[in-house]
Amino acid sequence: MAILTYRDALNAALREEMRRDPDVFLMGEEVGVYQGAYKVSRGLLEEFGPVRVVDTPITELGFAGVGVGAAMAGLRPVIEFMTWNFALLAIDQLINSAAKMRYMSGGQVGVPAVFRGPGGAALQLGAQHSQAFESYYAHIPGLKVVMPATPADAKGLLKSAIRDDDPVVFIEGEMLYNTKGEVPEGEYAIPLGQADVKHSGGDVTIVCHSKTVSVALKAAEQLAGEGIEADVVDLRTIRPLDHETVLESVGRTHRCVVAEEGWPFAGVGAQVVDVIQREAFDELDAPVVRVSGADVPMPYNKHLEKAAKVDPGKVVEAVGRVLYR
Amino acid sequence: MATQVVMEALSPTMEEGRLVEWKKQEGEQVAAGDVLAEVETDKAVMELVARVSGVLLRQTVKAGQTVPVSTPVAVIGAPGEAVAAGNGAGAEGAKRAAGAAPAESAAGTPDRSQAPAAPPGPPPAARTSATPAPKAATAPPSPALSPSPAPTSAPGARVKASPLARRIAAEKGLDLHGVQGSGPEGRVVLRDLERAAPVPPPSAPAPRAAPLPGALQTATEPSRPAPAPSPIVPAGAAYADVPLTQLRKTIARRLVQSIGPIPTFYLTSEADMERVAEAREAMLDADRPTSGLGSEVKVSFNDILIKAVATALRQHPACNAWWQDDHIRYWADVHIGMAVAVEEGLITPVIRHADRKTLREIAAEARDLAARARARRLAAEDYTGATFSISNLGMLDIEEFTAVINPPEAAILAVGRIGPKPVEHDGQVALRRRMRLTMSCDHRVIDGATGARFLQTLTGMLENPLAMVW
Amino acid sequence: MAHSTAARRARQSAKPSPDALAEEYKSWLRQMMVIRRFEEKAGEAYSLGKIGGFCHLYIGQEAVAVGSIAALRPDDYIVCSYREHGHALARGMSPRTVMAELFGKAAGCSKGKGGSMHLFDAERNFMGGHGIVGAHIPLATGLAFAAKYRGTEQVAVCYFGEAAVNNGAFHEALNMAALWKLPCVYICENNRYGMGTALERASAIYDISERASSYDMINEVVDGQDVLVMKNAMDRAVERARHEKAPTLLEVRTYRFMGHSMSDPIHGHYRTKEEVEEHRKRDPIAVWSRKLITDGLMDEPAVRALDAEVTAEIAEAYEFADKAPDPEPGELFTDVYKEDSVSGEQ
C-alpha cells in the first residue's frame, strides 16, 4: 500500500489509463503547460505530448462539445472543468448532447467521455465558486455521476469512469486534493454504482458522499465515545445509486441520517430518503433525518460560511434525534 | 397593592428550590415573618417566610414543584384584591392527584371560584416527609398488556408509532394502544416496546394444572400468582417514576463530576456454595431415571444464581431500577439480563419474570437464549428490557471481577468461579466450595447500604437455598 | 506532401469521364427530387397527425445538401441541425427509414426514439439531427479533432442556419477549429430568416462569411440554389480540410419556401408573398433540370418520368412508414446507458 494524496491518486489514474489506451486524451483549461489548475495533470503533457494533453481557451461550452464530438467518433476524452461552477456554461452539452445521444440515436452513437473537476465549496470563495451541483447531473438519465471521497476511491473510480462507455460526471473536491490515504499498489479499478461502508456499526446508518464522508467519520468517532456505533455508508457513485448497501444497513440499524454538502431542496439526500422510506419503511424506528448545506448562497464571511456547511456536530445532533435522545 | 412572593435563594449556592408544602393556604391571613411554605434547597429543607402582611391571595406554584430562584410563587395582598390569572396550577394539581388519567387535560383554566372552597392542599397520596409523591401510573382495563402505564390514546384511536414498532408489535401480537410512547407527540418507538415488557398473550393467566404424580414441570409460561407488590411501586402498576429529591440531584451532579458518566462503586461478597451444590446434585439425581423434558435440561449454578438474584431483588426493590436522568424508574417486575459471550463480543439476553419462573424454566430459557445469541438470532425484544444484569466468568476460572453496568440499569452482579477454599466452618478450618460476587452499583440510584443489604440477602439465599422460597 | 500544388493538380486532373459525370449530374437531380417529394409528403403526413411534435422542412434548400454531400467520402462525418431530412436523404439513408423515424416507428433510423430532429446513421457517419441551435457545432469540431488525433483523412462537416452564428457555441467551436487546425467545413445555410426574424434584425454584420475573419478562417459566399456551384465550393473546402487541415466557413445563400416549421405560416408577417414568389423562380430543382436539358443530358419527358418514379418511391416509403409497427414498450428503457442494467428505473 502506498500513501498518496487524492490529487496524486487522480494523476496516477490518468497516467495509467492514458498509457493503457491511446484513445484516452485530456482536455481543459490549464491542463498542459500550467500542469493543471489544481496540479491534477502534473507531468502529463511532458509524458504524452500536446496532441493528448490539450490546453483550451476559456470556452467550457465549446470544449465540452468538442469532447462530446470526439467521443461520438470513438475516442475517450477526459474533459476537465476547472470547477463545476464554470461547467454550468457547458451544461447544455452534457445534458442535451452527451446524456441523450445514445437514446436519441436509437443506440447507435454513444459518448464514452469523462467530465471531471472539483465541485462544492472550498474556503471563502463566495457564492459563485462554492456550489455542489451533483443533483443536477444525477437527475439526468443517460449520465453517470461519481464522487470519490478518498484517494484510493479516486484512483479506482476514475479508471473505471474512463473505461465506461457512457458519459460520466466525475466530481472531485478542492478540499480533498491534499488529503492523504492508503492506495493499493498495482492495477485495480473500482466498479461504478457500488457504495462502501467506511465504518461499521449497528446503531445508526449515516449515508454520505464526498466531503461529508470525513465529517461523518468524525461524528462516528464522537458517537462511539458515547456508546453509539454508526454504520457510515459512502455512496461513492450517486447515479446509479447503490440501493442495496444503503438498505442493508438501515435494515440492521433501523435509523438513518443522510449527510450531504449541497442544498437541501431536491438534493441527492432527498433521493436517498425516498429510496429508504419506499423500500425499508417497516425497518424505520424514526424518520430519516437529513443534514445538508444551508439553503443560501455561500457567504463570504468565514464564520457564516462555517455555519452554512455540514460539520460533525450537526451530524451528531441529527443522530441524537433519530435515537430519540 | 399586591406583592409577589418569589422563590428566594435560601442558601448561597441555591439555584432552584422545591416547594415541599404550603403552610399557609389561599385566603389565609399572613403576617410578616410567618412561615409560608417549606422549601427544599440543594442542602436542606428551609422555611420560606412572608415578608409582608396581608392575605395570601394566590399560590402560583403547587406543592412538589421545583422552580428556579426568583420565580414568583405566591401573591399577598389586600382581601378581595384582583390578581392577574396565574397558571392555576394549584387547583389543577389537586384535580390531577385525585386520580384522573394523566393524559392531556382538556380543561382550560379551572373555575376560580371553586379554588378557595376546595382545600387545595397537596395531593392526597403525598407524604409530608422529604420524599416526594411518586407519579404513579394507573392500570388500564386492557388485559393484553396488564401492568403498563395509562395509554396515551384510547383503544380504537389511531396510535402514532414508528413503522418498526408497528411491525414488531404485529409480530408479537402486542396492542399498541397499551404502550406509552416516548417519541415526539407520543410516538411509540422500539424502546417503548422493550420497556413495556409485554406479558404473554391472554392465555397466560389460566390457572396451573394440578401436578401429576412424580410430575416434571413442563416449561410453560410463568403462571404462578404475582408476589407481593414492591413497596415503592403502587399495586397494579408496572413501575413508578420517582422524581429526584434535591439531595439526590446534588449527589448525582457531584459524583458524575468526580467519576464519569456513571458514578460506580463496588461491593464484594463471598458465598458458601456447598448447600447449593448439594441441592443441585440432588435435583440432578432425581431427574436422571426418568425420561422427558426434565432430563434434557440440566439446571446449572448460573440458573440457580439467576433465580436467587431475582428473588432477592423482590426484597430489595431499590436495586431493581433504572436511572432516567431526571427521575429513577423502579420496576415492579424483575427481568434478569444474563451476559453471554458471542464471537463478536458480548450480548445480554433477558429472562423475563425470573423471580416467577422455576429453575427448570430458567434453565431452558437460558439455554435457548444463549444458543440463539451465539447464532445471532436474537430479536430486539430478546435483549432489551432487563432490570438487573448478571455476568458470570466462573466457567473461565475467574476468581472475581468487576462488571460494567448496562445503562440505564442501576447495577450488575459479577460472579466468579466456584472452587474449594479453606475457610472457618463450625470452629475448624475446612475446604468449602466458595464463590465471590462483586456488585457494581450506580451511586445515583443505589447507596452503599442499600446495595450491601441486597448482597447480604443474596448471599444468604445462596448459603441457605430454602430461603429462596420462603 | 498531400497539400502541395502538384498533388492537388493531380487530384483535380483525375476527373470522371463525361459519361460518369452525366450520371453524377443526373443523380443530383434525382436526389433533389427525392428530398422535395419527401418533404412534401412529410408535410402532408404532419397535417394528418401522422408526424407529431416539430417538423422542419428543407424545401427550397435541396441543392445545398445534395451539392455539398456529393463532395464527401463515406467515412467523412456529417453533423446537422434539426432541419436535416434533406441531408439524411442526400447521405444515402433510405426514404423508408427516414419516414418511419418521422412516424416514430421501430423501423425508423433511430428506432422511433429520436424523431424528426434526431436522425442518425452511424454506419454512414451521419451523426445527427440536433435540436439546440448552435450546440451541435462544437460536436463537429470534436469529430474533426478525433480525425486529426487519429491521423486519418476524414473531414467533419457541420450544417447550421445563419441564426446560429450569433450563438456562443458557434464562436467557441470555430475558434478552436482554427486554433488547432482541424479538418472541418462549417456550412452556414443562410436562408435569411431565423424562424421569424430576418437576418438584418439579428446580426450586427449581415455578411456571415465575414465572421470567419475573427478566427482567421478561410471563407466563401456560395450561391446555394445551384447544385454545381455548391459542389465546386465544397470540393475546395473539403480539399483544404482533408489535406491542409484548415477549416473553412461557407456562407451558402439559399431560401426556404416553407415556414420555419410546420407550425409556421409560409410567409406570415416576417416576409411577403411576393418575396417568396420571387425566390421560387430560383427553385434549385428547376434550375438544375433546366441546365441538364440545355446541356442535352436529359429531355423534358425524362425529367418528368424521373419525377414520377421518385414520387412513387416516396409514396411507397409513406405507406411503409404508415404500416410499420410502433416500438415495443420495453424500448422505453433501452439505450439510456450502454448496459441496460442501469436503465431509467431509479
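Read from first to last, the chains carry the letters A, B and C; within each, the first residue is number 1.
As a working rule, a residue touches a chain if its C-beta (ideal position, glycine included) is under 8 Å from a C-beta of that chain, and two chains touch if they have at least 3 such contacts.
Everything numeric in this text was worked out from a predicted model, so none of it was measured.
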Closest chain to the centre of mass proxy, which here is the mean CA position: A
Please identify the chain with the largest separation between its CA centroid and the CA centroid of subunit A. B
Mind checking the centre-to-centre distance between subunit A and subunit C? Centres are C-alpha means, answer in whole Å. 40
Distance from the CA centroid of subunit B to that of subunit C, rounded to the nearest Å? 86
Provide the C-alpha centroid distance between subunit A and subunit B, rounded to the nearest whole angstrom. 51
Any idea which subunit C residues touch subunit A in the complex? 77, 79, 108-114, 118, 120-122, 127-132, 135-147, 149-150, 156, 168-169, 171-173, 175-176, 179-180, 334-338, 342-344, 346
Could you please specify the touching residues of subunit B with respect to subunit A in the complex? 162-167, 182-184, 189-191
Contact footprint of subunit B on subunit A as seen in their complex: 254, 281-286, 324
Enumerate the contact residues on subunit A facing subunit C in the complex. 25, 51-52, 54, 56-57, 59, 61-75, 77, 92-93, 96-97, 101-110, 141-142, 144, 164-166, 193, 239-241, 271
